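In this document, chain identifiers A, B, C, D, E and F correspond to the written order of the chains, with residue numbering beginning at 1 in each.
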Amino acid sequence: MQLHPAEKVVVITEKLIVKGVVEIIEAAGAKGYTIIAAGGKGSHAFRATSERAAVVDDFSDVKIEVVVNDKSMAEAIMTKITETYFTDYSGITYIEYIEVLRPSKF
Amino acid sequence: MQLHPAEKVVVITEKLIVKGVVEIIEAAGAKGYTIIAAGGKGSHAFRATSERAAVVDDFSDVKIEVVVNDKSMAEAIMTKITETYFTDYSGITYIEYIEVLRPSKF
Amino acid sequence: MQLHPAEKVVVITEKLIVKGVVEIIEAAGAKGYTIIAAGGKGSHAFRATSERAAVVDDFSDVKIEVVVNDKSMAEAIMTKITETYFTDYSGITYIEYIEVLRPSKF
Amino acid sequence: MEFLLDFLARLVTQFQTPTLGFLIGGMVIAALGSNLKIPNAVYQFIVFVLLMRIGLHGGIEIREADFTAMLLPALFSVVVGVVIVLLGSFLFSFLPGINRADGYATAGLFGAVSASTLAAAMVLLEEESIVFEAWVPALYPFMDIPALILAIVLANMHQHKHSEDKHSKVDVWGIVKESLRGSALSALLLGLALGLLARPDSVLESFYDPLFRGFLTVLLLVMGMEAYERLSELRRVAHWYAIYAFFGPIVHGLMAFGLGYVAHVLVGFSPGGVILFAVIAASNSDISGPPTLRAGIPKASPSAYIGASTSVGTPVSIAVCIPLFIALAEVVFDV
Amino acid sequence: MEFLLDFLARLVTQFQTPTLGFLIGGMVIAALGSNLKIPNAVYQFIVFVLLMRIGLHGGIEIREADFTAMLLPALFSVVVGVVIVLLGSFLFSFLPGINRADGYATAGLFGAVSASTLAAAMVLLEEESIVFEAWVPALYPFMDIPALILAIVLANMHQHKHSEDKHSKVDVWGIVKESLRGSALSALLLGLALGLLARPDSVLESFYDPLFRGFLTVLLLVMGMEAYERLSELRRVAHWYAIYAFFGPIVHGLMAFGLGYVAHVLVGFSPGGVILFAVIAASNSDISGPPTLRAGIPKASPSAYIGASTSVGTPVSIAVCIPLFIALAEVVFDV
Amino acid sequence: MEFLLDFLARLVTQFQTPTLGFLIGGMVIAALGSNLKIPNAVYQFIVFVLLMRIGLHGGIEIREADFTAMLLPALFSVVVGVVIVLLGSFLFSFLPGINRADGYATAGLFGAVSASTLAAAMVLLEEESIVFEAWVPALYPFMDIPALILAIVLANMHQHKHSEDKHSKVDVWGIVKESLRGSALSALLLGLALGLLARPDSVLESFYDPLFRGFLTVLLLVMGMEAYERLSELRRVAHWYAIYAFFGPIVHGLMAFGLGYVAHVLVGFSPGGVILFAVIAASNSDISGPPTLRAGIPKASPSAYIGASTSVGTPVSIAVCIPLFIALAEVVFDV
């Protein structure tokens, strides 16, 4: 099989806004995404991972990864999420260059 | 210390077949792997992360990462997993180019 | 918006030493980090993910990711962690090259 | 006529029992978009406690049970499991727009057994003070395993006929092992063994018994939420699955009721036992069956069989079949 | 004088009740750096069980309750929720160094209701054998939802005045829906509905009741640990939040106590009901409020409102307000 | 002779108690490859409840206890903890193929205490109606902490002798703090404090007591599964660890039994107390010890000490030592 270049957009943000972030991802035309529970620290407060009892559960982090094979779609997702959410909500986004096996899946 | 180029193979698939995927990874000669609980959506149904009660627990996603320093081994792992499982089971695989500190570990 | 090159340091190691690893990361000047629960296998024993009952809970893995935009800081973090911990504790570290939207955040 | 009235009255009362109330409550709040969630870790523990309690009770009873009394019901369990799968496979092979692998898997799931339905039936029988032999839940594996094996074997035979790869054989013993190793059967059998060999009576009474009913309400809440959430999956597949999932449990349960009646006449199987046996047959596997089928019939799409079972089959077997078979028993056995 | 002595005596006893003991214990071990942790999955289940129990009880009672008796307290609940938010918003708009959005969010959180504080008060009243109408906890949403809506509306109106974007409107119905869908209110309302429609009396007695007090101790332990851990966040924001969080609950509770007294005179609202009503007013939302406010007033910093509420507001409403209002009731009603 | 018969009879009965039944059941189903899993979140909560219950009970009793009666047993606890570590370290320094750091860590783990074994012994004594002073479990830290400190100090002294780095010193106070902060000791001490200062009697009776035995069965199931699963790790290290792990608990327990007898004669330490004291000594730490040792002796391989303790030490201390010491007490004290 043959490897094909593709992009992976990563978004790390508050669990609370996952729904909205996913909507942006789907609206941009991505064919899938993966969500992982996380915790962390950035410019805002420390967010615990979801293992430890948190009175306000929705404030832990999630990491969302989207593989696409169209760099402009990747950038569109990143820009849209940043503009919509990252003034008010905490979060970061970055892109990685990867290679996939079955490009038609993405 | 000196950085050395290496490859990271990522596989995101159903929890149910982790055992088989890991066997392929070990048979290919990789010296280690990391497993992370995940959820997500692709061409098949949405899979919840393993936090929310799921009557059928084995159907959430896992993300498996394997660092190797031999591109042909990386490709062999990806191809073998794709051929063995991805006709019937849901999943994606891709490769990232990374740099490691202690190359003999991989 | 414009993408800017940055580095992501990844450390996978025992939960037990997370505190020390995070201290190294913060001391090096990184502005944030993300922590994810993981399990895996390497040269030491197999470590279960934290989902399954483990009599000794602190011995599962965590994956820590740090985005920085200064390669020397990235290398300093990797070297320091390796020297401080990886003779006695199990763990791996590697670097990935990524692109971020708001470079001032890192 | 009287029977119908009785069944309807029972259905109405049933809708007021907490058992069904929580099931329906779960559906309703899921439909309303509630963010309430029962954590998966808790759900798994709940299932463990329910099955352990059922097992322990069964094991303690079997100690003094007359083994010969169990033989016929056990045999009938195998028969029912096998017949359900054959019937379902046959049906699906005629229906249009059905992937054959999906058909076998769905038939297998409906031949297999649901621990939650079983637990719900036990609570309802206890509430109605209808007694049953405590070993009846131990019939579970006798119906469950043959059904799963048969479905997988049939699916594989069918695939072999239509593929070049004539070499791989179905690993029957492997399927048996996987079934027994599943979390549900493991817990049930461990409980049986401990009930038989250890003396868990006091911990059963002080811990497992009081938690049983309460945990069941939580479990049914989860089942209700899942039933609603999986509807969307069910909608994407042929509507035959929904129809099969609605009528299947009733037909399977009536069939088993008939055989149970035979056992009643021949070896004195209790009326409560007959009802429970019919419910076991009516139930469709939720916890252990799906992974076994996913591994055994990978070509089948889980959306088809899980959607049908979770969204329609389980609600029907709990809300319709249990009161139906109790009403029927009243007519037949005059209890 | 006698009242003061009584309150102080009560405060001392209160510090010896397990309820408060676990709260303080949680703070102490967090301060000492303990690694003890209650898993989040368990915590969520505990909250579910507490609210389900409160709901079931309430629902069962409402069945035979006189609806007219509930009308006035329900109305007063809305009034109290609204007044608390108006008062708080007004105050914060005068205080220096306060971000307006943060002020509205904090006022909203203190107008909203805490299920844990409510549960603690119920246990303490039961321990003191002070009876109250079982539907009182059902006043929760009548205070909670208006407070949250009002805070969000005020914050948005304020922002609109100061921004060019005059288009977006506040989606009041959306906020109501989000509140009702939150895990806390969902569980409470589901419990109410099941208590009203199903017959959950036996499972309530065998499962939800016995777990209620025990789970509450664990919950308070978690609250205590969080109170300590969030102190650092509170320290980073203006100290006005801490002052407000200390006096707010007392003032809000006294205000509600007064209205409750009116209801006592007019419609015979019981003394225990008045106490509980005052505690509901004194409490500040911990589980459902924060996410609703985070979504509704995204400009507000959670550190400000969550820090104030978790680290100061909740401990004060449990440790000071509950004994205070009981002592007050003794004086006022001579119970 | 009579003693041997009694012990054997007791061993056989023991194998039929649920306590041991669940331990063995866990091993068996793990060996059979069962997929049953108890979620980690639930496991952690179970440990919390067990230790909280032990602590609360102890605290309540200490209120009216005669402190002088505790002095000698507390002193003996320190002595036993220290002697076990010295003995083990000495032994391992002679055995071939043993990494010195591993030897110190293993000795430390066997000097330290297991909460699960302690809980199992308490349940068995209660079942046999053998009374003991409720403060006996509070001896835990008096044995646990000195053992861990000593092992870490010895390991570090040894390493210093053989390395150039003569600067770093062992932070004894740091180790004490880490031990006390561990989740097991935190819960136990918090329980003690609350038992002493708050009045948790009613919640203890309605919640912690009924859950105690039930949760213990689940805990032992987990211990059994882990015991089997860690066998593979044990197999990879020198077999001396297995031999030490088998005989160590028996020898340590008998030693403590002797000292307990002295306390019996001198200050009237009860027979039940002596048994429990011996079991504490026989037990080896499972929850808190390993992380403390991992941090304190990083050069030691966890596979060695955890394998030995989990796969052999704990099963032996539960299945062999508890019945052995009860039988012994019958002979010695004629209970």
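Just so we're on the same page, contacts are C-beta pairs under 8 Å (C-beta built on N, C-alpha and C of every residue); 3 or more make two chains touch, one makes a residue touch a chain.
As the structure is a prediction and not an experimental result, all values here were calculated from the model.
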Under the touch criterion given at the top, what is the topological distance in steps from chain A to chain F?
2
Could you put a whole-Å number on the gap between the CA centroids of chain B and chain C?
19
Averaging over Cα atoms per chain, report the distance between chain C and chain E in Å.
40
Between chain B and chain E, what is the gap in Å from one C-alpha centre to the other?
46
Going by the touch rule set out above, which residues of chain E reach two or more other chains?
37-42, 44, 183, 210-211
Two or more other chains touching the same residue: where does that happen in chain B?
36-37, 50-51, 96-97
Provide the full list of chain pairs in touch.
A-B, A-C, A-E, B-C, B-D, C-F, D-E, D-F, E-F
The chain D residues in contact with chain E across the complex are 15-18, 20-22, 25, 28-29, 32-42, 127, 210-211, 213-215, 217-218
Which of the residues in chain D end up touching chain B in this complex?
37-40, 42-44, 183, 222-223, 225-226, 233, 286-287, 290-291, 294-295, 298-299, 302-303, 306, 310
Under the touch definition given earlier, write down the residues of chain E that touch chain D in their complex.
39-42, 44-45, 48, 177, 180-183, 186-187, 190, 193-194, 197-200, 202-203, 206-208, 210-211
What residues on chain B touch chain A, complex-wise?
10, 12, 36-43, 49, 51, 61, 63, 75, 78-79, 82, 86, 92-97
Seen from chain A, its contact residues with chain B in the complex are 1, 3, 6, 8, 31-37, 50, 67, 96-102, 105-106
